[in-house]
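Listed next: structures, encoded as C-alpha cells.
Below are two complexes that have subunit A in common, paired first with subunit B and then with subunit C.
Up next, the complex of A and B:
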C-alpha cells in the first residue's frame, strides 16, 4: 500500500482521495495549450485543518501540492508539472457570513462564482460582488489567487483589490490570518497591518488561501449594458478617458474580434450602467450617450447601439467555437490604456499570421489606470499542429505585451520566464527569499514562479 | 446593375404628396413635399434626406406605389447623407457576411418556410400550426446565406442589397420550391416589393407568415378557444412593404376571439419600435427614440391592451422588455395563435 495515499485517506476519508489513473487524468490538464502532467494523488479536503494536515504530510514526504479551484485558469497554473498532490478545493464551499452593513462576505475558498451570485441574489439582493465573467464553477479563492478581474473593475479595481481579509495555510502548515480578522472577529479590512501582499496573485506558490473576505457593493435595481462602436482604434483611449471622467460606469470593456464578422475591424465598447430608478438611469444615460459620446455620434465617428437591461458579460470562452476542435487560450496582460491601438493592431497581426480569427479585449481598471487585456487564440484540441500554432501565437503575444510596456497577468511558464528575466534583480531576489522562507521544501505548485 | 423603377412624373401629377405629408416624424406641407420629393428624384440634396428616420412608411403612403422610400435611401447613399454613423453602417454590413461554410441544400417538401436570419427563433415554429412544414435556414451558423438584406435600407446601402440579394435568391431557388413562407415579413417585402422595384427576379412565390397562419387557423377552427384578450400589435417597418397583407392581423385576432384594440398608433399610423432611430446620427436621436417608444406604449396602455403582439424580432428586442415593464405581455404572433388552439406558447416571456 502506498503510504502517502493511506495517509491522505486517513486525513480526508477514502471517498475524497484518489490515485486512480482515470481520475488523475482529469487533474492532469486544463483547457489551454499547456502539456498535461498527472498528479500522483487527487485530494478534496473539507476543512482548513485537513489542509494543514495534508501540507504537513507533503512536507514530510517532500511531495508537491498544487491547489486547484475551478481549474479554469487556462495558463496551466494548476497543472501538476512535478506530480504530487492535486488539492481540489471545491468542497470548501461554505458562505460563512454576509455582513450587509459593512458590505462584505466571508467565504471559503471553494465557493464558486455562480454560487456567490445566486446566494446574493436570493438572500441579499441589494449587494453584489465583482463577477469575473468566467464560467460559473470558477471559484472565489482561485480568482483572487490569480489576481482576477471582473465587472465593477472600473470603479473598484482588480478582484484582488476587493479583499478585506484572508486565511492562509502556509506551506509549512501553519494557519495565518491577514487583515482585521487577525486581531478581531471582524473581516472588514485588509489594512493597515498585517497586509503583507504575499498571496494574492501568487498562483498558489506561497500558500493555500482557505478563506476570503470579499468586498460587496451596492446592487442597484436596474443594471444593464449599453454598446458603443467606433471604427478608429486610435479613438479608444480618448473615449475611455471621457467615460471614466463621468465616474458613472460599473464596467467598461473595449473589444474587437474577427468572428462573428459584425465586429471585425471595429472597436466595440460595453458600458455597464446601474440605477435604482428610471430617473437615475435616464440621468446617467444622458450624461454618457448624449453629453459624453454625442460629439462622436454627430461627427459620424461613433455609434450608439442601445442600452439593454440585464448584465451580459463578455464570455471569451465563446471564441473556442471559432475553430473546429473547441480549444482556446488567451494571454492576459495589464496594459496602459494608451497602448490599446497597438495592442489591437499587433494582436490582430499575430492572429492573422497564425491563421486564427483574432479576438482582442480590454477591460478598464480603475479610472483608466490600466486595462486588463486578453488576446484569445482558438485551436483544435485534437490537432497537435493547431495547438502548436496557438502556443506560438500566445508566446509572441507574451513578448508583445512586455514590449509595449505592459505586465503579464497570470502568465504560464513561458510568460513567467519573460517577466522574471526583465524584473528588477533586487525584486527578483526578494521573491526568491520570500519563497524560500515560506516554502523551504519547495512543495507549493512547483514549476510556477520558480526563481533560479 | 439593378435600377430602381421610380417615375418622377407620378410625383409631378400627384395631388396628395402623402409620402411626406403623412410622415409621422417630419412636419411637411403639400407644397414643400412636392418640392422636396422632386429635388430628391433629381439627385439634389433635401432636408428630407437628413431627417428621415427610415421607418419605411412612405412606401405604404404613396398612392401610386412609386417607391418614395427606396428613392430616399438610394439618394442618401448617392449624396453621402448617411442616416447612421459610419461605424454602425460598417457593423451592419459586416453582420450579413456568412462565416460558417456553405448551406447544405437538402430535398424539401412543400409547404416550405424560411427562417431568414432568425434560426435562433426556431422554437416559435412548432406545434400543429406548423405540422408538415419543411424549414430552411434552420441552422444559426449558416442563416446568413438566407438573409434577405433589406435591413440595409436603414443604413442607406441599397448597393449592398443589390449586390447580395441575387445570390440569396439563388441559394433559396436551389431548393426548387414553388412557394416559400417567410418567417419574417422583411423577407416577404424583399421578394414581393423591393426585388421587383429594382428588377431582381424571384423564381418562387413568397407567402406571408400571417396569411399562412390565418389559413391554418381556419383549418383548425374547431379547436380554437376564444382568448378574450385585448391585443395591440407592434407593426414593424417592413410591414409597410406588404400593406395588402396587413389585414391578416385583425383577421387573425378576430378569428381567435381576441380584441384588436383601437388606438391612435394603429395600422397606417403605427409607430416605429425606435430601434433604428436611437442610433441615428442626428442630434437627439436617442431621446427621440425613447419618446416614440413612450408614446407607443402609453397608447397601448390607454387602449387597455393586455398583450402586445410582435412579428419582427428586432422590434421584440427593442420593445418587448419595455412593454413588459408596463404591464403588457409581449408575445409573437405564432405563439398567440398557438395559445388560441390550446398549445403552450414557447416564447411566452
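Up next, the complex of A and C:
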C-alpha cells in the first residue's frame, strides 16, 4: 500500500483522493499548449484544516503540492511539472460573508467567479465585483493568485489590488491571516499593517490561499456597453487617454481581430457605462460620445457603433472553437498604453506568420496606468503541428512584450525564464530568499518561479 | 491516431473544458452536472469525461472499471448541452453514449450496467422480474387490456415493477377512468421501451426493442399513446419514428392538462399543499415540456406552487437517468444528486415535492428518507396529486 495515498485518504476521505490513471491524466493537463505532466495523486480537500494536514504530510514526504482553482490560467501554472499532489481547491466554495456597508465579500478560495456574480445579483444587487474575462468557473482564489483583472480594472486596478484580507496555509502548514483579519474578526482592509505581500502573483509557489476578502463596488441599476471604432491604431492611446480622463467608464477595452474578415484591421473599443437613472446614463453618454469622441466622428476618423443596455457575460471559451480545434492560449502582458499600436502591428504579424487568425486586445487598468494585453492564438487540439505553431507564436509574443517595455502577466515557464533573466538581480535574490524561507523543502508548485 | 473506432473522433477534441457544463442557468454553483456534484473531481465533469473518452479512443489511457464508472455516471440529463457555449454542444450526450456503445461492443461495462441490459434482454425489464408479472400492478383496478381504445396507456418498467411506481401507475389509470378516457394497457405483453438501453450504449438491443414495440403497436392498431414515464415518452416520440413508428405520443401530464382544461376531469376537490415541482430531464430538457405539469398543479384548488432555485431547463437531475436509477453509480453520499435535490426542495418551504416521472419518484423518495425529511417533505407524482383532487383513494 502506498503510504502517502493512505495518509491522504485518512485526511480527506477515499472519494476525494485518487492515484488512478483517470484522475492523474486529467490533472496532468492545462487547457493551453503546455505539455502535460502527471501528478502522483489528485486530492480535493474541503477545509483549511485538511489542507494543513496535506501540506504537513507533503513536507514530511517531500512531495510537491500544486494548488489548482479553475485550472484556467492557460499558461500551465497548475501543471504538476514534478509530480506530487494536484490539489483541487474547488470544494472550498463557500461564500462566508458579504458585508454590504463595508462592501466586501469573504469567500473560500474555490468560489467561482460565476458563483460570485450570481450570488451578488440575487442577494446583494447593489454590489458587484470585478469579473474577469475568464470563463465563469475560474475561481476567486486562483484569480488573485495570478494578479487577475476584471471589468472594473479601469477605475480600480488589478483584482489583487482589491484584496482586503487573506488566509494562507504556508508551505510548512501554519495558517496565517493578513490584513485587519489578523488582529480582529473584520476583513475590511489589508492596509496599513506592515506589507507582507508574499502570496499574490506567486501562482501558489509560496502558499495556498484558502480565504479571500474581496472588495465589492457599487452596482448601478443600468449597465451597458457602447462600441466605438477607429481605423488608425495610432489613435488608440489618445482615445484611451481622453476616455479615462472623463472618469465615466467602468471598463475600457480596445481590440482588433481577424474574425470576422470585414472588420479585420479596425480598432474597436468596448466602453462599459453604468448609471442609476436614465438621466445619469444620458449625461454620461453625452460626455463620452459627444464631448470626448465626437471630434473623431466629425473628422471621419471614428465611428459610434451603438450602445446596448445589459452586460453580456464573457464567454471567452468560444475562441477555442474558431478552428473547431478546442484550444487557444494567449500571452498576457501588462503594457504601457502608448505601446498599443506596436502591440497590435507586431502581434498581428506574429499571428499571420504562424497562419493563425489574429486577436489583439488591451484592457485599461487603473485610469490607463497600464493595459492588460492579450495576444490570442487558437489551435487544433487534434493537430500537433497546430499546437506547435501556437506555442512558437506564444514564445515570440513573450519576447515581443518584453522588448516593447512591458511585463508578462501570469507567464508560463518560458515567460518566467525571460522575466527572471531581465529582473534586477537584487530583486531576484530576494525572491529566492523569500521562497527558501517560506518553503524550505521546495514543495510548492515546483518548476514555477524557481530562481536558480 | 485513434485506436478505437469512435463515431465522434473528429469532434470530441473540440471540448475546451472551460467548465460551463457544471453550472445551472443562474450560475449559483457548480453542482448541476449530477456526476460532478456527486464526486467533485474533474474527471466526473462533462468536460473531464469527454477528455478521458478521447484519451481512451487515442490509446492514451487504458480501459478500466473506474473509467467505465466515470463514463456510466453520466445520467444523460443534457445540462451540459444546455450550458455549453460551443457549437458542437448538441452532440455532447451522443458522444458519451457512443463511448458507452464501444464499451458494450467490447463487453467492458460496469457489472450493474451489464446486469441491467441482460435483464432487459431476458425479461424485458431491468429488474430481471418475470415477464409474466409485468401486469400485476393493474390487478383490481378494472383497467382493460388494449383492444383498439383511443389510447394505449404505456406504463413502462418502473411503473410495472417498482412498488412505488406501481402505485402511481394505478392512480393514473383510475384518473383516466374517472375522466372517461378510452384507454387500454398491454399488461404482461408490454415490453421495455428501450430508452435507458439506448442511453447505456446497447444500440442493438434498443433497435430490437423499438422494432418489436412498433410492430406490436401497429398490429394492435395503436394510434395514440399516453405514457406514465417521460423516458418512454422520449423514446416513442423521438426514436420510434425512425423505426416506422409514427404514433401520436403524449406524456400523461399533457393529457391531464387537456382533460382538466376541457372540463372532462374535475379537480375541484382540491389539495391543500405547498408544492414544488421537479422537472424530469426526459420531459424537460429532452422534450422542452415544462408547463403542462405546472398547469395541472396550478389548476388544483388549494395548491400553492413554488419553484426551486433550479427549475425548467436549469433543473438538477435526480441522478436516475442513464440507467442510474438501477445501476446506481451516484448514490451513497450526501452529495448524491437526489439528496441535493430534496434539500433544495425542502429549502423552498414546500411540503410536497411533485414529480412527473416514476424514476424521479423512487430516487427522490429514497433521498427524502436518507435526509430524514419524511415528516417534512413528501414526494408525490403529479398523477397522485390529481388523484387526491379527484377523490381517488
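Rule of thumb we're sticking to: the second predicted complex is superposed on the first by the 445 of 452 C-alpha atoms of A that agree within 3 Å, B and C clash if a C-alpha of one lies under 4 Å from a C-alpha of the other, contacts with A are read in each partner's own complex, and residues count from 1 in each chain.
Assume a residue touches a chain if its C-beta (ideal position, glycine included) is under 8 Å from a C-beta of that chain, and two chains touch if they have at least 3 such contacts.
Small disclaimer: the values here were computed from a predicted structure and weren't measured.
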{"item": "Fit-or-clash call for subunit B and subunit C when the two complexes are aligned on subunit A", "value": "fit"}
{"item": "Contacts of A:260 with subunit B and subunit C, given as first, second, both or neither", "value": "first"}
{"item": "Subunit B versus subunit C, judged by how many residues of subunit A each one touches", "value": "C"}
{"item": "Included angle at subunit A between vectors to subunit C and subunit B, based on C-alpha centres and rounded to the nearest 10 degrees", "value": "70"}
{"item": "Subunit B versus subunit C as contact partner of A:315, first or second or both or neither", "value": "second"}
{"item": "Subunit B versus subunit C as contact partner of A:297, first or second or both or neither", "value": "first"}
{"item": "Contacts of A:67 with subunit B and subunit C, given as first, second, both or neither", "value": "neither"}
{"item": "Touching partner for A:42 - first (subunit B), second (subunit C), both, neither", "value": "second"}
{"item": "Subunit B versus subunit C as contact partner of A:207, first or second or both or neither", "value": "neither"}
{"item": "A:229 touches, of subunit B and subunit C: first, second, both or neither?", "value": "first"}
{"item": "Least Cα gap, in Å, left between subunit B and subunit C after the two complexes are fitted on chain A", "value": "10"}
{"item": "Overlap of the subunit B and subunit C footprints on subunit A, listed as residue numbers", "value": "none"}
{"item": "In the complex with subunit B, residue positions of subunit A that touch it", "value": "229-231, 259-266, 285-286, 289-290, 294, 296-306, 308-309"}
{"item": "Complex contacts: residues of subunit C adjacent to subunit A", "value": "1, 10, 13-20, 22-23, 26-30, 39-43, 48, 51-52, 55, 60-62, 64, 66-67, 70, 85-88, 333"}
{"item": "Subunit A to subunit C touching residues, read off their complex", "value": "15-16, 18, 20-23, 25-27, 29, 31, 42, 44, 70-72, 88, 90-91, 93, 112, 114-115, 117-119, 122, 135-137, 315-318, 320-321, 324-328, 380-382"}
{"item": "Interfacial residue positions of subunit B with respect to subunit A in the complex", "value": "82, 84-88, 90-92, 94-95, 97, 99, 275, 278-279, 281, 283-287, 318, 321"}
